[in-house]
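Consider the two complexes below, in which subunit A is the common component and subunit B and subunit C are the respective partners.
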Partner chain A sequence: MKTKKNTISATPNVTGSFSSFDFAGKWSTPLFLIVIYVVIGFFIWWLNIPFIEDIFTSSTINLIMVLGFQMYMGNSGILNWSYVGYAGIGAFFSAIFSMDPMLKSMQIPTMYPFLVKLHLPFILALFAGALIATLVAALIAWPLMRLSDSVGAITQFALLIVINVVLSQWSQVTNGPRTFTLGGSRKTTYELVMAVAVLVIIAVFMFKESSLGLKLRATRDDRYAARSSGINFIAVRYVGYVASAFIAGFAGGLYSHYILSITAASFYLSQLFVVLSMLVIGGSMSVSGAFFGTLVVTLARQGLSQVELGLTRSGFEAYGMTEIVVAILMIIFLIWRPNGLTGGRELTLNSFKRLIGKKKLKPTGNRKKMEEII
Partner chain B sequence: MNGKILIEFFINVFSMGSLYALIALGLVFVFGICQLINFAYGEFITVSAYILYFVGTFTNLPWPIVFLIAILVGVAVGYISELVAFRPFRGRSLDALLVTSFAISVILQNMFQIGISPRSKPVPVPAVLAQNVNLFGVTTPLRNIVMIITTIVLLVVLTLIMKYTPLGIAMRGASENFVTARLMGVPANQVISVAFIICGFLAGVVAIFWSCRTGSVEPMMGGTPLNIGFIAVVIGGMYSLPGAVAGGYVYAFISNTLSLVLPTTLLSYRDAIMFIIVITFLLLRPEGLIRGSYQEERVG
Partner chain C sequence: MENLSTLAVKSISKSFKGLKAVNDVSFHLKTGEILGLIGPNGSGKTTTINMVTGMLPKDSGHIEIDGQDISDVPAYKVPVYGLVRTYQKIRLFKNLSNLENVMIGAVGVGIKRREAAVLAASLLTELGLGDRINEPAQGLTFRDQRLVELARALAAKPKFVMLDEPAAGLNELETDELFALLKELPAKKNIGMLIVEHDMRLIMSLCHRLHVLNYGRTIAEGLPDDVRKDPEVITAYLGSAAS
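And now, the complex of A and B:
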């Protein structure tokens, strides 16, 4: 009787500490990431070198893609090969929506007339492109969510090829195998990508900590146990997959309005490799992993491509060296640190406190011992 | 007239199907034992094709020796990549293995680009293989016939090895249940190495016939045979060797039929249609046409 009372009185305390807004704990992660990101952003804005600003903008688009990639892959544990395909869909459709009808009929004479007439303001076009990517994912994904492991991987890979073939052949929409040129000025600005990246960091983190994200992580850790505790894992995976397709589509739209001429080949295995290497090196299980992976790999890539350029100028053809080094780095990480730089953990205020606390605890412990001895 | 088209169609199906069957077989040997979808398989083929180009262009060795060297290099690449890149991942998650094989494929592709050339190179082919022969009133290049015969011989030899030699029995045991096979004293390293060696060997053979057909080699050429292998393996059955062979022939049949039937505007979507077939197969009959030792892979 007494023990029962004790356990009852003990439980509210535990749940209480969980439900309160734990600011030093998990919720400090997005804050940290945003602060780091914005500081870097403002520093580069202050430097005011166009070359570096361009690198920052294009890396931020990659960051948004990696965050969306993490959102599904990190939480569900399923390698989502088709992800960049949705970025492609978003890129083409947002471009179609935002382009001037006159320009469209000039650039892509084969396009369906009803698509030529469409015209939306830029921001709305981005959303429309992302929504079409989401719609495509929502229409085809449901039956695919049952598949896990190697069967699931092959299915997603096959889906990527299907999307790529359709994008590269449908001349009435994407200008077929020819380059799709947007024309006009660059609409994806420095400020815009920064704002989007901050929002996406928050969104991806909220998703991870929501009940849906928790369920998805449960299906990752033990499919059968999750199912027996009443999680409809197909539905959970489905929502995660479709939501990540939305972010992919949005990032794709930003990309096409930044680079201004795209082909279906821009959204295929080489881009997938870029995104995958960032997530794997950072650590796919955490949002911090996606962030720091992007940061590290971007720095490595930029450094290496300068070396590459130098070598090529001195007469030694070295295009492709970057890819080799990043690939080797990825394999090394997978062997010795399979959970990436962050080890699957998030960066929080508590983790800092713990670091500092450890150093402070040691001397006090010693003093206590000394006092006891005296 | 109509009969002639039919004969031509079937010769095409059988010769291409033989090639596809060999491609699929290379994938299945590794998949059956390690559960690894070897994305680097296409690049194994590219390596052998490059060897054909180098040895065939710059030396005057007789053809059989050139072919032999290409196949041996394929074997070496298979074995070395197993040692260096796949062995550290034994017992790790499937995704880690998959990502590794993808990374190796990227590394090899870029090495070809840097080391050799991003542009395609012509591969010299023995004139005998390109000669036309008359079969049932239909003219066809001799290489088609050679391809069919080679495949049949290889299939018979491989079947005999798998059925009767201790190594073959050990490999079949390992593909049924790797853990139990190890408990029974099957040496894991040896079995997996042999699987990769056979994979490399088949890649070498495929490279010879593939470059005979296309007549050139370039860094990215591995993608097409890899995709074909995927489709054939999924259709046929991922856990059974006869299934992979059947899948190769079925793929050739479907793709030739599509080329005949589809209107020209839709022809460029043939690959997409093939992969939609793959997805459908995975959803409705994930064990493939021929059921191997299918393991629980999905829930729901």
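And now, the complex of A and C:
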């Protein structure tokens, strides 16, 4: 039965108090995501299996990247292929800043002397690397921001190629096509990535709900209506793009100090595919989508690579199967569920209540549903 | 007395590849009044709105609000000067909630997010959509989408609103309801309203003054009763109806 039609009237016919702070409907999301994430984190810490801890750390770096990816792509609706390029810039520059000058001159003899001299404490080096990525984005992005849809995507792709070629050829900065080895011990720790991930979840969510994020989402849905509502779409896109480059750069720095030897190829199409598949499968329009996409695709990839390994051991070569299955999964999602697992919505207290009320599922219902899909 | 503002449109023109879509059109609009912009199909009504709101660059002419020239203000700054519009084809932000849609109107002119949320909620409540503020805009009926678009325009606290065929796609009952609502708005919110509409019956009962276009030129202006009797207007309407 349809609800009774309410008549148009100029007098208020609903008198309810309205609060702009809607915890159950909105602000419970970051809390949920953080609780789920921290619980997984502590569980793995409690298991104390180095192999799994490594997977958790590297997946968290992916999570941070996907969150930053969502921040611009999800809110603006523009495919931002160049994103992983900024992660590369952050990765190389944070390494240059954090490495000991002696070590640098040994590892990368071709490096500019002024870069060799630079030396900052690790955490500051991460910020400095991220700021370089931000600066590069700030300098080149403005003319690209007016381009939308396929034109926008193609220019972003071309930009990724430019960044990749520069990173892979500039011997005086990145050691060129040779591997850039950081040396020393692993500085990106389990605790550090957890802390950063929690902060980034909060930051990305706050961005989405801020005036700027709201304006950016409006331009995603209708550029003309946004313009006639007082929004300069180029300016809001620009700020979103540059801010997401900062998160990319920071994640890149965490990555290089975790892996300890990088090349420009680490920040190119295969990494782009990883973050893109996570965001598309999770649902690009919500922070929850970025989070659950990362979770689901990480679990799927780990499971598939075990299968791959098993098959190969039993004499059936199956290398690359993981990528193919994830790619097919992405295609399936784009056809049948283009807004991803989350459908573009956020996980909130209200959505939990609805879920429990409707299907009588336990609070883990959402994850169970996702596991069925794998 | 409330402050009275005036929007003055001074001889604006626009050609598309030599075709004069709007030719030397001038009118003015005061807060509190309703001006009907009418004319047969293709007479240049929407083009006029597009030019006045800065969406479309004009070839010549000026637009002033209280003597301040806003002719060269970019479209995204026009709402800041107190002039907003709606579209004939509804343009909502379909993935945002109704509340967020209306908030955009306020946030777009620089109102703080929290204040915008409270304002948006009260506007939606006022228009009878108070119980669906958190629903996504794309789930609404056509009529309700019209109302959300109107609320979004009002959230900018405008002095002037331009409505491009607000009743397009509505049935007769919904149209009557909408026009009853619109009739009250100018006095209540102290806004000047310009309405583009085809339905002569409605426009005659609603508008204080009329401005008639045909082939991009002004053919008549004045009180509804006078315009109705104007021979050129009769020809234009009968001519278009006959063709």
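Please note the rule applied: the second predicted complex is superposed on the first by the 334 of 374 C-alpha atoms of A that agree within 3 Å, B and C clash if a C-alpha of one lies under 4 Å from a C-alpha of the other, contacts with A are read in each partner's own complex, and residues count from 1 in each chain.
Note that a contact is a pair of C-beta atoms (placed from the backbone, for glycine too) under 8 Å apart; a residue touches a chain by one contact, two chains touch by 3 or more.
Every value quoted in this text rests on a predicted model; they were computed, and no experiment measured them.
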Touching partner for A:G344 - first (subunit B), second (subunit C), both, neither: second
Which of subunit B and subunit C A:S314 touches, first, second, both or neither: neither
First, second, both or neither for A:Y224, with subunit B first and subunit C second: both
Subunit B versus subunit C as contact partner of A:N48, first or second or both or neither: neither
Subunit B versus subunit C as contact partner of A:M285, first or second or both or neither: second
Which superposed partner A:M330 touches (first subunit B, second subunit C, both, neither): first
Touched partner set for A:I154, first subunit B, second subunit C, both or neither: first
Touched partner set for A:S211, first subunit B, second subunit C, both or neither: second
Residues of subunit A contacting subunit B in one complex and subunit C in the other: 224, 227, 233
Contacting residues of subunit C [partner subunit A, same complex]: 53, 55, 74-80, 84-85, 87, 91-96, 100, 103-105, 107-110, 112-114, 116-118, 121-122, 125-131, 133-134, 143, 147, 152, 156, 174, 177-178, 180-181, 184-185, 188
Subunit A-facing residues of subunit B, complex: 31, 35, 37, 85, 88-89, 92-96, 98-100, 102-104, 106-107, 109-111, 113-114, 118, 227, 230, 234, 238, 268-269, 271-272, 275-276, 278-279, 282-283, 286, 297-300
Residues of subunit A touching subunit C in the complex: 6-16, 18, 20, 22, 25, 209-211, 214-215, 217-218, 220-222, 224-233, 285, 344
Complex contacts: residues of subunit A adjacent to subunit B: 77, 79, 143-144, 146-155, 157-159, 161-162, 165-166, 169, 223-224, 227, 233-234, 273, 276-277, 280, 317-321, 323-324, 327-328, 330-331, 334-335, 338
